[in-house]
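The next block holds one structure in the form of structure tokens; read it before the comments.
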Amino acid sequence: MRISARNQLKGKVVDLKEGAVNSKVTIELPGGERITSIITIESVKELGLEVGKDAFAIVKASNVMIGVDE
Amino acid sequence: MRISARNQLKGKVVDLKEGAVNSKVTIELPGGERITSIITIESVKELGLEVGKDAFAIVKASNVMIGVDE
Amino acid sequence: MRISARNQLKGKVVDLKEGAVNSKVTIELPGGERITSIITIESVKELGLEVGKDAFAIVKASNVMIGVDE
Amino acid sequence: MRISARNQLKGKVVDLKEGAVNSKVTIELPGGERITSIITIESVKELGLEVGKDAFAIVKASNVMIGVDE
Amino acid sequence: MRISARNQLKGKVVDLKEGAVNSKVTIELPGGERITSIITIESVKELGLEVGKDAFAIVKASNVMIGVDE
Amino acid sequence: MRISARNQLKGKVVDLKEGAVNSKVTIELPGGERITSIITIESVKELGLEVGKDAFAIVKASNVMIGVDE
């Protein structure tokens, strides 16, 4: 499937932490930046996520804010 | 101000497009990835955003999804 | 690509309205319910959306609220 | 109360799973589609949600993405 | 309808600005704080929003971030 | 850092509840309104949040809905 979300950043899963309904998934981009995601534990299972696996961090443009140093 | 959002990626503004209430802002990360953001036109003015300016793309972890190639 | 979003509802595009930076896309599900989406005009072009085309309405579970009749 | 959210889909609660701060609520639409929601455990209590109860899945249009089969 | 969103702040509409697909609505709380919302132009019409009208600003808890002064 | 989010409401932390991956943080505004936020437990630690501390509730305008009494 192709999806409308403007931001689809390729990286690798470097950390996974499971809660009762949600899991925290950390993706590392090739440049070394890390992106943290909170998704359901069902999603982690269905996508077969595990440390070392290639994955995309996907963000809808309307959910990106901008900051500047003061 | 420091903010709870887990994802604060530093880059440069490389494109700006203004609509009636929202603007589209594109940030390029050092690794070359581009991140697209939709924010209000007031925010663009208040932050003094313009092409070439350093800026952060900021995303709350609960707004990041994960994708995998099939 | 497979994506973590829990809600991926299949339907058909029944309306498109374009603004300066965003477009409104309406999807009709087989049961007749209509789902409205606001995405960027670039997304509409890249996905080749037009009235009559099959498409999915995709929503992350953390963006779904629940309501009850009083 | 009437609310601006464009998407208010009527269905029935078919599953509830409680975590420490969030709960997962699954709504089934008349056409059989299921919608998963993550809300706080306080919301589940205040709305009196339980399996079999009528409820609406509510989504703001800016939180709906579009996908197409490749 | 009662809705799961944890944050439902009562105030008055003090400004409205219409774009092509979205409108910006500003609500003033009794304490004087102002809250800005971006909703579709259809929502503005359906709710009959106009300056001076009582209205609630509604936010799902998972969409609230926290900041602290450095 | 200055951030694009239109809504930055100053108050005090009045409640904290920790889960496995997320925490619930409640902010009270000067006018007495309370705002509930769900953020990661890492964010709570990094910002040094505790009951009584000054803090801002921050919300992007596109995540604010409007409601009216029927």
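To keep things simple, chains are lettered A, B, C, D, E and F as they appear, and every chain counts its residues starting from 1.
As a convention for this text, contacts are C-beta pairs under 8 Å (C-beta built on N, C-alpha and C of every residue); 3 or more make two chains touch, one makes a residue touch a chain.
Computed from a predicted model, the values in this text were never measured in an experiment.
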When C-D is set beside B-E, which has more C-beta pairs in contact?
C-D
Roughly how far is chain D from chain E, going centre to centre by Cα mean, in whole Å?
21
In angstrom, rounded to a whole number, how far apart do the mean CA points of chain C and chain E lie?
23
Of all residues in chain C, the ones touching two or more other chains
1-6, 8, 19-20, 22, 24, 36-40, 42-43, 47, 56, 58, 60-63, 65-69
Chains grouped in pairs wherever the two touch, ordered by label
A-B, A-C, A-D, A-F, B-C, B-E, B-F, C-D, C-E, D-E, D-F, E-F
Chain A residues touching chain B - in the complex, by the definition given at the top:
3, 5-9, 24-25, 27, 29-33, 35-39, 43, 47-49, 53-69
As the complex stands, chain B meets chain F at residues 1-6, 8, 37-40, 42-44, 46-47, 56, 58, 60-62
Provide the residue numbers of chain E that touch chain B in the complex, in ascending order.
17-20, 22-24, 36, 38, 62-63, 65-70
Considering only the defined contacts, which chain E positions touch chain C in the complex?
1-5, 19-22, 40, 60, 62
